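One chain, subunit A, links the two complexes that follow: it is found with subunit B in the first and with subunit C in the second.
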Partner chain A sequence: MTSHFALHRRHVLGGAAAAALTSPLAAGAQSKEPIKIGSALPLTGSQAGYGNDFATGTRMAVKDVNDAGGIAGRPVELVVLDTQADPQLGINALNRFIGVEKLPMFLTAWSAVVKAQAPIANREKVLELNCGANSPEIATLGDYVYTAFPLAEVDIVKLANYVFTTLGKKTVAVLYINNDTGIDAAKLYRDTFTAAGGKIVAFEAYDPKATEFTGMLLKARAANPEIVHLHGLTADTPQVIAQMRQLGMTQRVTSYSAAYNPKLLEQLGPAAEGLIVTSLAPGVNDNPNVAGFLERWKKEQGRVPNGLPYVQYEYDMVFLVKALYEYLDKKSQPATGESLIAALLAIKEFDLPMTGKMIIDGHRVNKPVYLLTVQKGVFVPLATLT
Partner chain B sequence: MDYLITLAILIAIYVILGASYNLVIGYGGLSTVAHPIFFAIGAYTTGLLSVNVPELPAVVNVLLGMVTAVVASVLLAGSALRVSGDYLLIASLGFQLGLLQLIKNLDFTGGPGGLSAIPSTILGAARGPAFLAITGAAAVACVFIIRAIVNGPYGRAISAMRDEELAFTALGRNAMSMKIAIFAIGCGMAGGAGGIYAYYFQYISPDQFEVLASATILTMVVLGGMGTPFGPVVGAILLLAIPQAITFLQLPPAIMAPTQGIIFTVLVLVFLYLRPAGILGNKARAI
Partner chain C sequence: MFEPIILLQILWTGIATSAPFVLLTVGFSLTLKVTGLWNFAQSGQMAIAFYTMFFAMNGLGLPLFAAVGLGVVMTAGSAVLIEIYGLQVFRDRQSGNLMFFIFTLILSEFVIYVITLLFGTEPETLYKSILSPVDIIGGIAVSEWDKTGIGLTILALGALYGFMRYTKEGQFLAAVADNAKLAELYGISAQRAYRVVAVISALFIVAAMYLIGSHGGIVPNSPLELVLSAVIGTLLGGIGRVFAAAWASIFLALIQSFSILFIGSRWQNLLLYGFLFATILLFPRGVRMPRLRLALIGR
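Then we have the complex of A and B:
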């Protein structure tokens, strides 16, 4: 699928306008009823930087799919609704998808929103496909809730084992944000590292609205860990690391995909050196499609995307939806929540242009974990954990 | 249709919240910002009972949610109002933030991830219309109960207490018990709204009851007309329906995101500029 996609990109770039206007496939696609893809994302509010880039990634994929003839000859139409990462607005968006747009499935992200939408998706028998949240609880939210994004148990377990076995660190301070993103992941890290034989010398939470972390960091410093694992969000992670360095803590820091952010490097400068982050999607050196995508993004947006791995998943979701609809089209089945789930489980293995092979394992998905570290102010590959 | 029904149910829930907050702050003159925490107490009590004691009927759970909110409000007002009315503002804020921290750090409440798996209670195609009928009836009942309270002799006493507490006390009336009673009635209604919310949406999280929710309910009351029986109804409808209507403008998402915030803010400012006492407010009472 990866090489097929590269061919498709050349085709599109070679004759995009002609193909769109004259190709019988594309012309036919435009005359048929569109397939609508609903996506609930934070377009405003504190998470809008990520949410808008996620939406842009999905929109780019929709354009590529439409340029290549749509899905089963039908054009694709994207409906993006704002959630502000707020559960209530997430519910409102879902009700609109179901009640007004009549969609049998929708894409969503942010753990609190995914959880709030789950009872409605289960009740209304609509496929809820998570493509950005990583709370382990998502796997248990019900029959109609599936994830295409690996949950925290994938990267955190592998990271904790890597720190103990490969880096040889025996003592860790775990600092985490006191919300559903931080708590579950911090517990996973603690349990995995302890089971491997390591010792957690500090296990400290901070408030999601906190801007001052001195008390927590002084306790962590007194525990004298060999390494620090920080599980926060994009906004607070640079602040915590900056205050660590101000307090003389020179330990190497590990984090997860939220810290894989070019803005963090700008904010921290030399303080970011040595930082290890996880990425759940292949980088430019692992998948040639990613380099092309990144160049295209820079050309269209004039900058790099916020949270590139997440954007790769958002892009790929359109291709995953395409595979589901084409499967049902071949079987002449209508697209309903049930039939789409049946297709998801029947296809099981997807080759996606940006994130590569994806195997749906029930309500979970397993993927390789790519570790990156900061060297001389840039993220460079460190290891791939399978 | 389901979309409109859900929106109508949400509006009805916020009508209860707005109307009951209006009783406390608009008619009673009690400075509090913690109305969402009583909404939360009702929602969490009902939600936890429905999950852990499934044999209890939904109506009983909602009533117990109301009772818990009333008890909490009496305890808060009884202690905070002894010093000075203004202390209620600080105490209520502290109570709201403290209780939310407690909810976030307890395992049985679901912590910051929220409480899910609340049973649906009513199943099938009739679920939406049934909830709409129940919530709508509750909202209408709340508005008219409050209207009856404030239009009667007790209402005139409330107004007298709010406007001239010293004179009111000098006449031998007990301002303290009246304040506690008003606070308890208002907070009990908010607790009931929380119970219905928990059953309908089947998920609650502490972030939904933060200070931002206080600002939303306060804006509904001020925009609609503080101290008017139907002002919060208008405020709730406008503040919940306008943002949804804006999403139907079919603007590109890149334009929609900033435009939505600007349109909404401008509309609120225009309303408050043209009608400073609120849309249904009495101009004579405008500050």
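Then we have the complex of A and C:
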């Protein structure tokens, strides 16, 4: 079964705001018991720049859904709890979702948090829906853990193959942050690149709290790679690239969606030229809804969002949840972890406003990968890998 | 990896990287020497120093010298206020060391929470760009930041040495450090000495935070990590030995930098804690080099 939720630009731009007050659907929705959507995100801490924007994206979608009449006539209420991207706080948030809010499902992100929450979600039979973390291990965390965000095996595998076959690079240095985000993805990159016929000449992890990377970079420089793959987070990635350039390393750098960040361009200036990043969501040229969304964001927030592709997923999650609840409503089934999973697998194919068609393939999702590169200080499309 | 050029690069970068840590350690160690306090409130002052400069440059658009000036006023002002309305009150009450420790720690946390509310938790840098121009000298990459860091540290340490050795105020500090009650019998005000040392430490903190904030991102919690490195340097150098603590900081940075030749990069930070652990257990009074006994050599 397919659900269609294609949004038009006018809709995204907030035309629905007026409807909130006038639409009989909306008025009816407000009088019924709300459907609560729980979202565990880092609202403070080093990842807050992304986490807060993710929450804003979700809030925008909740507003749009409510303005259009809610879900099956019921209003949607968003409950966002802070994790600081810390596993322990992620568990605390989940305990509140289950114990206090009595939610049958919740949205989450950041690999370490998703992994820490998994045993509890499985034990309590609550659907854990990842919408921003990409550790390949997420696909194996249990019966109640699903992802609506493509895992690293999607973009990292395609990127590693692209570097070898299209860019023709035969040697690469892989530098990665020593946490759940970096370790699994770096191994995946290494295995894919090696299987393609390339050679990993340096494979170095750095401490998540490190600020000085000279030693690691000298090791990489001594290995003389043709290209460098860097798998870090938003705080450390610019510093590693800056120090790399200062040590005279001129190699092109590839990274993933965390480096698709306007602040990075500001911090690195010309040192960012040639950087290749991945995006798992269509850009403004690929999907007209995205242009409208960006325009609305700039109008409301006065700037562009951090990690636009992630924000697109966060926005879409509300529409995915809407589809699940409407499916259950039609079948007159209560929303439980089991019934929501059954709905997810039965619907299987979702047409979402910001990220387009999404096919849930068991515990994985497959999506096209959009490569972007930095040219004259801006990200420009490089290739689309399907 | 063992080529001379790589070893020299590691040596140079290790020394340059140690610069802000040397400054923080000297400020911390000097405070400990004169006041006898492990002043963890300095991590709060580090946050005040950085965010004042950050706001002055990025919020108010002030030039660097004005931002640094404002940073000095705010940091030194807060240090003196803490001294007068916090530490001195506990001294008057004859409070135990634990009370001072708890007070300074809680004060730091409080300051950091306030700063988090004001500035958020995204990593911030003083300048929009974190790139520093680089010269290649004899095959070694030497950045402007490296030169600024090393130059500023030498200047600060030289000034402190001159102050302590050649000015009356500096000699008063030494006297209070040796025995505050005896110094007061000779008409030296211990309270004044405590305030002077608070201002000197604030100057060192501002210099260090300028260097750190122009090199990479800082979040409000960062100073809690930074003060730990100052504690390790102070312990390793020996309590009351300010310049030895500075050397200890350089030594620690070099050990961390050269360790990359033998261990993975991800283990480098762990070394710091290893040293802290070993120092507390084996050298609680710091590591003292054996003195040359010239008389014995003469025989």
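Everything below uses one rule, namely that the second predicted complex is superposed on the first by the 369 of 386 C-alpha atoms of A that agree within 3 Å, B and C clash if a C-alpha of one lies under 4 Å from a C-alpha of the other, contacts with A are read in each partner's own complex, and residues count from 1 in each chain.
Simple rule for what comes next: a contact is a pair of C-beta atoms (placed from the backbone, for glycine too) under 8 Å apart; a residue touches a chain by one contact, two chains touch by 3 or more.
None of the values given here were measured: they were computed from a predicted structure.
*Asks:* Applying the touch criterion given at the start, work out whether A:377 contacts subunit B, subunit C, both or neither, answering first, second, both or neither.
*Replies:* Once the two structures are laid over each other on A, A:377 reaches no partner at all.
*Asks:* By the touch definition at the top of the document, which applies to A:235: first (subunit B), second (subunit C), both, or neither?
*Replies:* Second partner only.
*Asks:* Quick one: classify A:248 as touching subunit B (first), subunit C (second), both or neither.
*Replies:* second
*Asks:* State whether A:96 touches subunit B only (first), subunit C only (second), both chains, or neither.
*Replies:* first
*Asks:* Applying the document's definition of touch, where does A:44 land relative to subunit B and subunit C: first, second, both, or neither?
*Replies:* Both subunit B and subunit C are touched by A:44.
*Asks:* Examine A:214 and indicate which partner it touches, taking first as subunit B and second as subunit C; both and neither are also allowed.
*Replies:* A:214: touches subunit C, not subunit B.
*Asks:* Going by the contact rule set out at the top, does A:135 touch subunit B (first), subunit C (second), both, or neither?
*Replies:* After superposing on A, A:135 lies in contact with subunit B but is clear of subunit C.
*Asks:* With both complexes overlaid on chain A, does A:168 touch subunit B (first), subunit C (second), both or neither?
*Replies:* It touches nothing on subunit B or subunit C.
*Asks:* Applying the document's definition of touch, where does A:334 land relative to subunit B and subunit C: first, second, both, or neither?
*Replies:* neither
*Asks:* Jot down the residues of subunit A that show up as touching in both complexes, subunit B in one and subunit C in the other.
*Replies:* Shared contact residues on subunit A (touching subunit B in one complex, subunit C in the other): 44, 48, 178.
*Asks:* Which residues, counting only subunit C, touch subunit A once they are in their complex?
*Replies:* For subunit C paired with subunit A, touching residues are 1, 3, 6, 9-10, 13-14, 17, 116, 120-123, 125, 128-132, 134, 136, 141, 143, 212, 215-217, 219, 221, 225, 256-261, 264-270.
*Asks:* Under the stated contact criterion, what part of subunit A meets subunit C in this complex?
*Replies:* Per the touch definition, subunit A meets subunit C at residues 44-46, 48-49, 178, 204-207, 209-216, 218-219, 222, 234-235, 238-239, 242, 245-248, 266-271.
*Asks:* Could you list, by residue number, the parts of subunit B that touch subunit A in their complex?
*Replies:* 1-7, 10, 104-105, 111-114, 116, 118, 120, 127, 201-203, 205, 207-208, 244, 247, 253-254, 256-258, 260-261
*Asks:* Can you tell me which positions in subunit A touch subunit B when the two form their complex?
*Replies:* So the residues of subunit A touching subunit B come out as 43-44, 48, 52, 55, 59, 80-82, 86-88, 91-92, 95-96, 98-100, 111-112, 115-116, 118-120, 123-124, 135, 137, 141, 178-180, 183-184, 208.
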